[in-house]
Amino acid sequence: QNDSLNIAIPGRAQTLDPAYLQRVLSDWPVMNSIFNGLVKYKPGTFEVVPDLAKEWEISEDNTEIIFQLKEGIEFHKGYGEFTAQDVKFSFERIIAEDANSPEAQSFINLERVEVVDQYTAKLILSQPMGRLFTSTLPFNAGLIVSKKAVEEMGRDEFASNPIGTGPYVFEEWDVNNNITLQRNDSYFEAGAEYGEIVFMPMSDPTSQELALQSGEIDIGQLTLDNFDQISQMEEFEAEIYPDLAIQYVAFNTSQEPLNNKKLREALRYIINPEEILIGAFAGKAERAYSILLEDMTGYWQAPAFKLEEVGEDYVWNLLAEAGYPKGEGLELEYVTDANEERRLIGALIQDQLSRFNIDLNVEALEVGPKIDRWQEGSYDITYARFTNTVDPGYNFQWNLTEQIGKWNLFHWSNEEYDKLWQEAETTLDSNLRAENYKKMQQLMNDDSIGIWVTHGVKTPAWTTEVDPVFSPDGVILPWLITSSEK
Amino acid sequence: MPDKILKINDLAVEYKNKGKYLRVLEDINLELENGEILALVGESGSGKSTLGKTILRLLPDSARIAEGSIFFKGEDICNFSEKKFNDQIRGQEMAMVIQNPQNALNPVFKVGTQILDVLYFKSKKQKSRKELKKEAVKILKKVGISDPEYRFDEYPHQFSGGMKQRVMLAMAFISNPSLLIADEPTTALDLTVEAQILNLLSNLVDEYKISILYISHDLGVVAGLSDRIAVMYAGKIVEVAQTRELFDHTNHPYTEALLNCLPDYQKTKKLQTIPGQVPDPGNYPAGCNFHPRCSHSFDRCRQEEPRLEEIASNHYSACFLNGL
Amino acid sequence: MFIYITKRLLWVIPTILTVLLLLFSLSYLLPGDPADIILGPRATPEMAAELESRLGLDKPWYQSYLIYLQNIIKGDLGTSIFRDRSVLTVILDVLPYTVILTLSGMGLAVFNGISIGLLAANYNNSYFEKFLTILSFITASTPTYIAGVLLIVIFSVNFNLIPSIGIGDGGILSSLRHLIGPALALSVGWTGYIARLTRSSMLETLDQEFIQTEKSFGIPRYYILYKYALKKAIKPIIAVIGLGIGRLLGGAVFVEVIFNRPGLGRLIVDSVNERDLPLVRGGVLVAALLFVIANLIADISYAFFDPRIKQK
Amino acid sequence: MFKSQKFFRFKKKSIRVIKIMKKDYKAYLGGSIILLILISAIFAPLIAPADPYKTKVTKRLEGPSLQNLLGTDSLGRDILSRLIYAARPAVLVSFGGIIISVIIGIILGLLAAYVGGIIESIILFIFDVIRAFPPIILILVLLSIIGPSLLSVIVILGVTIMPRYGRVVRAETLSEKEEDFVEAARSLGADNSRIIFKHILPNIFASVLVLSGMDMASMIMWEAGLSFLGLGLQPPLSSWGVMLQESYQYIQTAPLMILWPALAIMMTMLGFSTFAESLRVALNPKLNQEV
Amino acid sequence: MALVEVKNLKKHFINNDGLLYKLAQKGPIKVKAVDDVSFKIEKEDTLAVVGESGCGKTTVARSVLRLIEPTAGEILYKGKSINDFNKEELKAFRKDAQMILQDPRSSLNPRFIVEEIVSEPLYIHDQIEDDFNLLDRVWELLDMVGLSKRYSELFPHELSGGQARRVGIARALALQPEFIVCDEPTSGLDISIMSAVLNLMKKLQQEYQLTYLWISHNLHEVRYISNKVAVMYLGKIVEITDTTTIFNNSVHPYTEALFSSLRGVNDDWNYKEREIIKGEVPSPINPPSGCSFHPRCKYSFDKCKKIEPELEAVEAGHLAACHLYN
């Protein structure tokens, strides 16, 4: 039967309970097919449009939001009609004391949800929340679960037996970690075309590529190097999307020798991200100049720091000023993951530094030890990729002082940065927010704490028999896939 | 064909060793009458086992027959194909009891299985193993194994050396060959057990009327058993005669030396030895192989090889002294 | 025989207990704070605390060890951190795939290896034998991951003959098609090893005196080769097969990774990387048990081929 | 020292072994491969046509050319040079690992066989526990604990393989101890150390040597396998396994690239195992006549 | 004073396969390899021990040289118990008393060349001044046993059985011992070589005043070499006396059977009519009750089945263990 679609996801899904999403790349496309939120991103954009909510009103002081809900929407598998009770339940379970939900941060200022009537819910905030409509409600934290189902099954069971209102109904999660979904025939909007979707975890892009070619899957990712070759084939189509994430080189500013700003400035010229883009991304990824994508609120483009532009002597001078006239005697510790791409980047940076007589000891560690080292701060340089959301507040939080010893890989503390972030968090004024984020980026740039390398790319590819739709960062929207034959 | 069951003409056998062929048997001429026990004696390494194995084609791949022919019941069996030889000769017309009883039975099969397989292939797969079992049990009893039905299901390691030897003999007699080659069947056994086995053997031969080529290095042992004795030295047969004739009118100096150095319990004087050493194959001296150790040797012995000649009726010897 | 088996069994118990202790101490030995690795940057302190109590990191080690042992005796291997299911069911889910893969890979290796070995022994000292010997050396020198990659490059990418990954859609035919590549890859190295072993063992056996006896009584060559000699020669091969099966049940990691198949080995590797400690412990325990059992069975069947032990 | 009778005997025996191996095609095959690898490892800087660490991203993934005989990898590094340099970790891992396991194995094995009793049980027990883990899993877990580096790979591989030697040494010592010639030596008044070092060890050593030849092959395999799983050596050190892993994603774009490290691994394993086999025959005074 | 005196020697091998095995088998399997054996050897005497395979001859030999610890009994060498020897005394004893092992080849280390084998005792007892004299000494020893210099370079497997045997003898002679235990030194040898070995041993005995404990089952040889004979059956001595007496006036039925299987080429002998002895050798694990020979003895009567006969004097210097004579 042609009525079934196989889609590769980059790893085993961890949980299907939206309140506990762990790995965006694998969990999110599945959840997104099963659940709806009050609002959603309009397909193909990051614009927020109604979903389960018909409309909403925001109070003057930005602390009360009243949602009018659509009527007559049924949960899957006979779990009853969707009402304001479910909204209250879905959000309050996240902020409950004993919930331990990683999304608590997303609803940080939510006090409670009031059920006004069956089809009206009111969110009451203690302070205005900047990211509520940008990343909280349209993303996983905002997905509505069936109160009845969660209460009946309990949290653990629900994680592998999700009940939502979405276009697809959860069917099975098998040994091979394949997740099978069936079309929801009584979906409140136009139903999906394909009757069944199977999400298959394939951690290795090469495997996905091979699987695509052998017909095992219909939609998957390509390796960057084969992108051109395969996308030119008749049977396949492919596209490159910029990722939301940010990949960067981080300098440890808290210890010798990189607590020396001059040295960091020199390194910014020596390390050439363009070469990384070619060597590790086959030239397919774009250079990043900010944590944010170009069209996002608060984007500020950092200078490129090109060696060609200033000339080698300028860098030698910087080195000399930093106390390493010939670069010699400088030995730096570089910590990275064991995975192959990261090792390549390590080797590349190593070679780049060696042109200035700087020794770089590359230590490719397993995740565990790597995170240990990160948190201890026992390294000089590292390379990291952080998943981002549409809301800048989320993306900028890792560089706060309080994150030192956790996820602040620069081990960098700046009071002003912290203040600006806090201010932006509690306003809905997007101009103010944009202003603050720009300032924060300048602060980082002034201190030369690292180099933004790229946002990375997603390279979805599909057989010409299907016609998929993706979000702007290249995440598949399964229920919108159509068959291209018809 | 009348009485001759086996006739070997000018046989020469070579082993390949370090890329070279070494001749270990040369000029072997031997006949065996129907119903006769011929003993083949000689020092270790003189080629006795090789001769026995040559007849039954049991030589390793590294060996080859360089010259000569072997006639069995008038047919040249050297020309038989491997399959024909296996189907018609081995286990049918001829069988061999190999040198070392300790290792003569396959340790991982029941003794019974091994006996039955012999019978099964002897019957050309016509009879079922069940029918054959009766026959086997009967003969096991005959060779003096008590409780054969029970013993049938035991493994070789549960048998003593003497019993294994009996099983081997039983297998030999079961396959009812016209010619049995027994290669030192008693060397590894005690005196008393050896005597038992020889007693058994001579009684069975009487009953089954078969010819035996009995290989041994002990003249004393074969004295009472054989009809005729062939003495080998360094790959050649040096003397053949009727048993009593050989002892009473020893002709060849080697046979004489051998008999001399037999420690005889009736004598206690200093023992005779043969000076020098058995030459290695490939290193045989020119002329008569025995001349370096022979007290009678003269010039001719160093140059020519003596041939086996009849010196009295049915008494052959290869020595130039006879021509003098 | 009975005593022999009991003795072997009793010897296993302390081994397994020690394995358990080692596994238990993993949570103290593995570097990195489990909470961080497992939960990632999105973790809250409450989650970390909950996780620590789930991993027993909040009690003194001997207390947790005792609890751990008690649970194991009850058959409770704990709950996987990521899969929200009991470790036992997670393992039991993948186990059939591992078993099928191991058995078919080993089966292929045994069949091919013994055939090559027998042929080589049969045609000893010929050029054909030299060819077979070199062949078995080469196959023995091909690690599974290389065999797997080459199989994929040649048969999946270039000729598209066999599927490269996965386990198929559950139908028998498709499952079999998906088994070809992995089983072949798995079998290559063992084929060469078994072939070499068979050859030398057969040659040694064929050199023994009882073979002469059998020959001299007119037992046909094929019968000597395949019944008499093989049974004697097979002993060391059995041991190797047992060892191989035992090793592969938990150790077919490469093939499982390359061909993207579920399996015990891969499960363990994944869970080590994810620091899913209950799953690591459970998986390694099962792998160790399987290894011990496979070896035990090999030992017993080994005894079956040696009447001396059999009769004890 | 070179004039002593002992040295003459040693020389005589060695010449004998060499003579026998000279007639064995396996010795040539294995010997030349091992030699090639040793030369590559020792003289890598002299032989390698380019700097193996020198990146040039504009020249990535090129096929064989006069400049880069085997082509370039994804960072534009010369594959041939990397292949040659990678012989170093291969040699270090195989020899280092084997030395560790042989030494520990012999000590424990002899101890078990000679002391017996509770010590023997404990030693056997250690062996059993180590063997109860599938090796790849054991190596993996240990590596996660210690952290990957050349040294830890060597030590872990050594320890993982060690029980094989311990068991072989123990078993052979036990049977060797019962041999007549050992009894003869004892009746001549030889003490334990003489019996162990002059009689038992030399007789066992051949099997240990041969076994280690084969295990050196598997060490290389394990190291490469670990690197293939991303747990082997640290950059810039590259091993054949690392290269294998790096080229895996280019099997379609540049299939030749994966072939080179694969061949290197297979060849090395072939070399060690054929040489070990040939040595096995040559070292056994009883087996070596036919050759 | 006798050179060697063995008093009530017992050696029981216990086949002990661990605790479990014991439980299941209701006790370990005991092999009474040697069960209460006593004899004396005077200086320059040769005592021959004869008997079937497995009757315990080698075990006696090994006990006499303290290669195994006896289960019970005492062995005196020059009047001192060898089991009480301290380290130096033991080393001196090892120098004085040598053994020629039963299996010529396996008693030679397969990885040693002859030179190493023969010189080993010299190394052990520090009798080497320099390496090149050593080789002369090795050649001298080889020469004594009739082997040329060439053999010093060979490996054991390159030697014939007779040559290997002689190497073993050369090694035993290297330290100029007083007492040699010869365990079937001629088994497996060709007749002419066997004669040579026997001549050699006799010559050496005369030249160096050696004392032999000579184990054999070849009666021809025993007659030639020894002046006293002990006959063993299933771990016990059943008859012991002078060589001439035993060949002419043996009393024990087993001795009789054994010696009647002896024949020379000139005896009128026909195997068809001779059945020497019935039955198989019983196992030492489950020896028969009473006299262990009774199941095969043609004279056996009731008492034999129940009571074990003691070794008692039949006449002066002639002991036998048989109810027929006591």
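Per-chain residue numbering starts at 1, and chain names A, B, C, D and E are given in the order in which the chains are listed.
Please note the rule applied: a contact is a pair of C-beta atoms (placed from the backbone, for glycine too) under 8 Å apart; a residue touches a chain by one contact, two chains touch by 3 or more.
No experiment lies behind these values; they were computed from the predicted model shown.
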Q | Chains in simultaneous contact with chain A and chain D | A | C
Q.
When contacts are scored as defined above, which chain pair ends up with more C-beta pairs, B-C or B-E?
A. B-E
**Q.** Farthest chain relative to chain E (centres taken as mean CA coordinates)
**A.** A
**Q.** chain A and chain E: spacing of chain centres that average the CA atoms, whole Å
**A.** 89
Q. For chain C and chain E, what's the span in angstrom between their mean Cα positions?
A. 53
Q) How far is the middle of chain D from the middle of chain E, if each middle is the mean of its Cα atoms, in Å? A) 48
**Q.** For chain A, residues that touch 2 or more chains besides their own
**A.** 204, 366, 368-369
Q) Which bits of chain C are touching chain D when the two form their complex? A) 11, 14-16, 18-19, 22, 26, 29-31, 130, 133, 137-138, 140-143, 145-146, 149-150, 152-153, 157, 196, 246-251, 253-254, 257, 265, 268-269, 272, 280, 284, 287-288, 291-292
Q: Show which residues of chain C lie in contact with chain B when the two form their complex.
A: 124-125, 208-221, 223, 228, 231-232, 305-308, 311
Q.
Help me check something: in the complex, which residues belonging to chain D touch chain E?
A. 4-6, 9, 12-13, 179-181, 183-190, 194, 198-199, 202-203, 206, 285-286
Q) How about chain D: which of its residues touch chain C in the complex? A) 25-26, 125, 128-129, 131-137, 140-141, 144-145, 147, 217, 221, 224-225, 228-229, 244, 248, 251-252, 255, 258, 262, 265-267, 269-270, 273-274, 277
(Q) Could you list, by residue number, the parts of chain B that touch chain E in their complex? (A) 43-45, 160-163, 187, 190-196, 198-199, 201-203, 206, 217-220, 223-225, 247, 257-259, 261-266, 268, 270-274, 278
